[in-house]
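Heads up, the next two complexes both have chain A, just with different partners, chain B and then chain C.
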Partner chain A sequence: MAFIGLLTLVLIALPHGLSYSQREILVVLTINILVVSSYRLLTLTGEWSLGHVVMMGVGAYASALYSKEWGVPVPISMIIGALTAGLVAWGLSFPLFRMKGFYFLIGSFAAGEIIRLLWKRFRDPFGGPKGIKRIDPFPDIDLGFIRIDFFDPVNYYYFTLIIVVLCLVILWRIEKSLIGLTFHAVHWQDKLAESAGVNVRDYRTLALVISSTFAGLAGTLLAHYIGTVNPNGFDIEQMVFVLTWAIVGGTTTLYGPIIGCITLTALNEIVLRELGLEQGRPLIYGLILIVSVLFMPKGLEDVVKRGVAWAQLQIVKERTNGV
Partner chain B sequence: MESKILKVNDLGKQFGGIKAVNGLSFVVKEGHIHGLIGPNGAGKTTTFNLISGFYKPSQGSVRLFDEEISGLGMYRVARKGVIRTFQHSTLFAEMSVLENVLVGTHMMFKPNFLAALIGNERAIRDQAIKRSREVLEFFGLESFTSNLAGELSHGHQRTLGMAVAMASNPKILLLDEPFTGMNPEETQSMMGLMAKLRDSGMTLLLVEHDMTAIMGLCDRITVMNFGKLLTEGKPLEIRNHPDVIEAYLGTRNHAT
Partner chain C sequence: MQTGLNALFAAAYLSLVAVGLVLIFGVMGVINFAHGELFMLGAYVVVALYTNLQMPFVLVVAIGLIFVGLVGILMEFTMFHPLRDNPLGGLVASIGFLMVIQASITIGFGVRMEHVPPVTQDVIILSEKVRLPVQRLFVILSAFVCLTALWLFLKKTKFGWALRASAQDPEAAMLQGISTRTVSIIAMFIGAALAGVAGSVTAPVISVSPVIGHSVIVSAFIVIIVGGIGSLEGAVLASVTYAFIHTVITTFIDGVIADIVGLSLMLLVLIIKPTGMFGTQDRV
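Our next item is the complex of A and B:
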């Protein structure tokens, strides 16, 4: 409990110690945490997709278009946008889940590229290679005594934080439920799961749809903040970053990918920016990936686990010494 | 009073030009332990895979009571009440023993997405855990509940495989070579478990190599050779049947 309280305080105080551009990065980081956490839900069933960031893009494009073209109020367009991503994922599941493992990985990449090319090809309504600009921002909230302007990154950070924490709670509940157990079962032995009456295909589809819906939601959060979306914002390079966060962080715990995302973003924004090495980001990410797979195959989460175990041991030792 | 639970009629499976199973017919009676034996390559495991829905038959039918179940696909066959185990120790090795059996209760206690979302799964989960603990107790695995399945000894892993299958309360249990790789004590205790299952009213169909186990356990035995039915009968009849001896040991001419 004390830990959660402290974490809450830190998360609330965090933006006030940062510069304006760092606050903007903080918003994007919070959104990316949702992207990588939702990605992890899919990996629970043992499938790794290369189309996850495109699903995020589907949410972003959908919500932008609903609000811009049809005049849907932004909060509602965000929800429908996220559901659209889920729906598209459901449609894609029919061809994709004829495949497993490596073939699914490549299939998901191809499916994602098709969607991205559609965005590029059709100026109407997707805006072609330049994408959609001047997306309606999230509306200000006027409570009479106080007016919350979501153009301010601090306010938008709080808003995003609440949404992301809510989503993480939902993802956590799904994983700890019997559904989550079935996801694990499908991952480790799909034949045995099937012989226990599990419709393996349905469960894979469920995981893909849930993870894509949350990715779509993350996309809408991003779209209405930066006000523009374009096909290159959701390309394979972005996907590789998500993969790197997940692998460096580890995917056996909920916090693993989050740690991976925070660590690498901090490294990127603080260290690389200071050193002026931003251009070398893909190179350095590649290096980090190789090093972490070689020396830390279980990810950063394993380091945390060992640290906690060590700390507990020290406490026990101290107590026994005291007695 | 013994009704026919499983009827296999003129079953066949062709892989390219090879007929692995060719016009096989037999009947399993309720409450029996039925053995399916034969020399290597006789098509036993293929038959097994046809019944459990792993393969689609090229010909013939499999009926559970009077319902056609062949070609349905594995999870649908399982939902009808025909549950199989696998050769070797096919388990969720990275999950705990209790979780393994919980997956087995999947059909009895359907996970509910909405309940999971609002965190209101307690009731159904408690029932599933209760059922799992009962099954573990029946199989004498209750002291390993929180161990990882992969940590168990070979004998216990095989027993757990049966527990996972039994957790769904099947109508008939198909066991694929349950005695493979077991030492004599493990074989003995496994035989005890199967007899216990039969006494509780379960029907078992097992494919096996271990002759002592088969002869000591089965009520009825079907012998296959080259994908076809060789003969069928009680263990004693099978043991002395000249065709069976020939199939396993070769003809007198070969011997001399």
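Our next item is the complex of A and C:
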């Protein structure tokens, strides 16, 4: 409990100690935490997708178009945008879940890339390579005594933080529910699960749809903050970042990918940027990736687990010494 | 006709890259995401030694082959061997390696495009409308030579036998006294060297920049899937097919549609027959 209270305080105080550009990074980081956490839900079933970031893009494009072309109010367009991403994922599940493992990885890449190229090719309605600009921002909230302007990164950070925490709670509940347990079964014992009457394919589809819906929501959060979307923002390079956050962090726990995302983003955006190594940034980032998979194959979460176990051991030792 | 020749040129360098990728996957079971960067590295060997230092082109291509092959061995020692039981780890490490190479080249040469002067300006005029620059012919010929040499190496020599055996069944190969480690190193050298050669000979024809590896790797992935993972013949045949379709559509409609068609083709193959046109066994 004390830990959660402390964490809340830190999260609330965090933006006030940062510069303006770091606050903007903080907003994107919060959104990315949702992306990587929703990605983890899919990996629970044992499938690794390379199309997750494109699903995020589907949400972003959909919400941008709904609000811009049809005049749907932004908060509602965000929700429908996220659902659109889920719907597209459901459609894609039919061809994609004829494949497994490595083939699914490549197949999801192909499917995602096709969607991305369609955005690039069709100027109407997707805006071609330049994408959609001047997307309606999230509306200001006027409570009479206080006006919340969401153009300010600090306010938008609090807003995304609330949404993301809510989503994480939902994701956590899903994982601990019967559905989540079945996801694990589908991953580790798919033949056994099948013979026990579990429709393995339906559960894989469910995981894909849920994770894509949350990715879509993350996309809408991003689109209405930065105000533009374009096909290059959702390319394979972004996907590679999500993949590396998940793998460097580890995917057996809910916090693993989050730690991976925070650590690598902080390293990339703050530490290396402060050092002024603009061109050398990818070099050091790449080296860190190699070193971390070589020496931490179980991810950062394993380091945390061992750290906690060590601390507990110390406490126990101290107490027994005292006795 | 002209489109056909362009397609043949594209097929030539693409098949070199794809065959290398298949070879590495077959023997080591790892997807080398940095393979496009090995191609790029081959092109930059030409920029450094041929454009800047004026060394003879053929010598530079030979150096490109050996240098990139050695980089391949370096990858085997530092990443793929320690991570041999962890395919996803190998993938991520190769992504890390990709970033390292790309950033090093950017620091060394800058992001702008490098123009490599063509070795020869000669053009073979086959008819009124069909012209074949000798430089492109050189790419096609070197692909032909390299692939024939590889084929002979695999089918006729003892090393080739060992290599194919370890690709088929590593444990059985080990029982026969084959050192799978040596085989891995050789496969990695050959696979990387092929990409290096492809980059070196293609450099004067294309504009070289640190990001050229990206489009190459995507095409190579499409080709190895369509051809069937693990099948070298399939990779070559799929390269020709893919290059032809892609060039025709690029010429008559546009490049993005050509990419979409290529990817759809790959998806279709994955749906209908995941083992590809020539794949022998399911590796799921």
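Just so it is clear, the second predicted complex is superposed on the first by the 315 of 323 C-alpha atoms of A that agree within 3 Å, B and C clash if a C-alpha of one lies under 4 Å from a C-alpha of the other, contacts with A are read in each partner's own complex, and residues count from 1 in each chain.
Going forward, contacts are C-beta pairs under 8 Å (C-beta built on N, C-alpha and C of every residue); 3 or more make two chains touch, one makes a residue touch a chain.
The model shown is predicted, which means the values in this text are computed figures rather than measured ones.
Participant: Sharing chain A, do chain B and chain C clash or fit in the superposition?
Facilitator: By the criteria stated at the top, chain C and chain B fit after superposition, with no clash.
Participant: Contacts for A:L294 in the overlay, against chain B (first) and chain C (second): which applies, first, second, both or neither?
Facilitator: After superposing on A, A:L294 lies in contact with chain C but is clear of chain B.
Participant: In the superposed arrangement, which partner chain does A:S195 touch: chain B (first), chain C (second), both, or neither?
Facilitator: first
Participant: Take the Cα centre of chain A as the vertex and report the angle out to the centres of chain B and chain C, nearest 10 degrees.
Facilitator: After fitting both complexes on chain A, the angle is 80 degrees.
Participant: Please indicate which partner A:E113 is in contact with in the superposed arrangement: first for chain B, second for chain C, both, or neither.
Facilitator: second
Participant: Between chain C and chain B, which one touches more residues of chain A when both complexes sit on the common chain A?
Facilitator: Ranking chain B and chain C by residues of chain A touched puts C first.
Participant: Please indicate which partner A:F145 is in contact with in the superposed arrangement: first for chain B, second for chain C, both, or neither.
Facilitator: neither
Participant: Of the partners chain B and chain C, which touch A:I174 in the superposed model: first, second, both, neither?
Facilitator: In the superposed model, A:I174 contacts chain B only, not chain C.
Participant: If you take every C-alpha pair with one atom in chain B and one in chain C, what is the shortest distance in Å after superposing?
Facilitator: When the complexes share the chain A frame, the smallest chain B-chain C C-alpha distance is 16 Å.
Participant: Name the residues of chain A shared by its contacts with chain B and its contacts with chain C.
Facilitator: Correct list for chain A: none, the interfaces share no residue.
Participant: Which positions of chain A touch chain C when the two form their complex?
Facilitator: The touching residues are 48, 95, 98-103, 106-107, 109-111, 113-114, 117-118, 120-121, 240, 243-244, 247-248, 279-283, 285-290, 293-294, 297.
Participant: Can you tell me which positions in chain B touch chain A when the two form their complex?
Facilitator: Touch residues, chain B against chain A: 52, 54, 74-75, 78-79, 83-86, 90-95, 99, 102-104, 106-107, 109, 111, 113, 115-117, 119, 121, 124-125, 128, 164-165, 167-168.
Participant: Which residues of chain A touch chain B once you look at their complex with the stated criterion?
Facilitator: Residue list for chain A touching chain B: 170, 173-174, 177-182, 184-185, 188-189, 191-200, 206.
Participant: In their shared complex, at which residues does chain C touch chain A?
Facilitator: For this pair, the touching residues of chain C are 31, 78-79, 82-83, 86, 88-89, 92-93, 95-100, 102-104, 106-107, 218, 221-222, 225, 254, 256-257, 259-260, 263-264, 266-267, 270-271, 274, 283-284.
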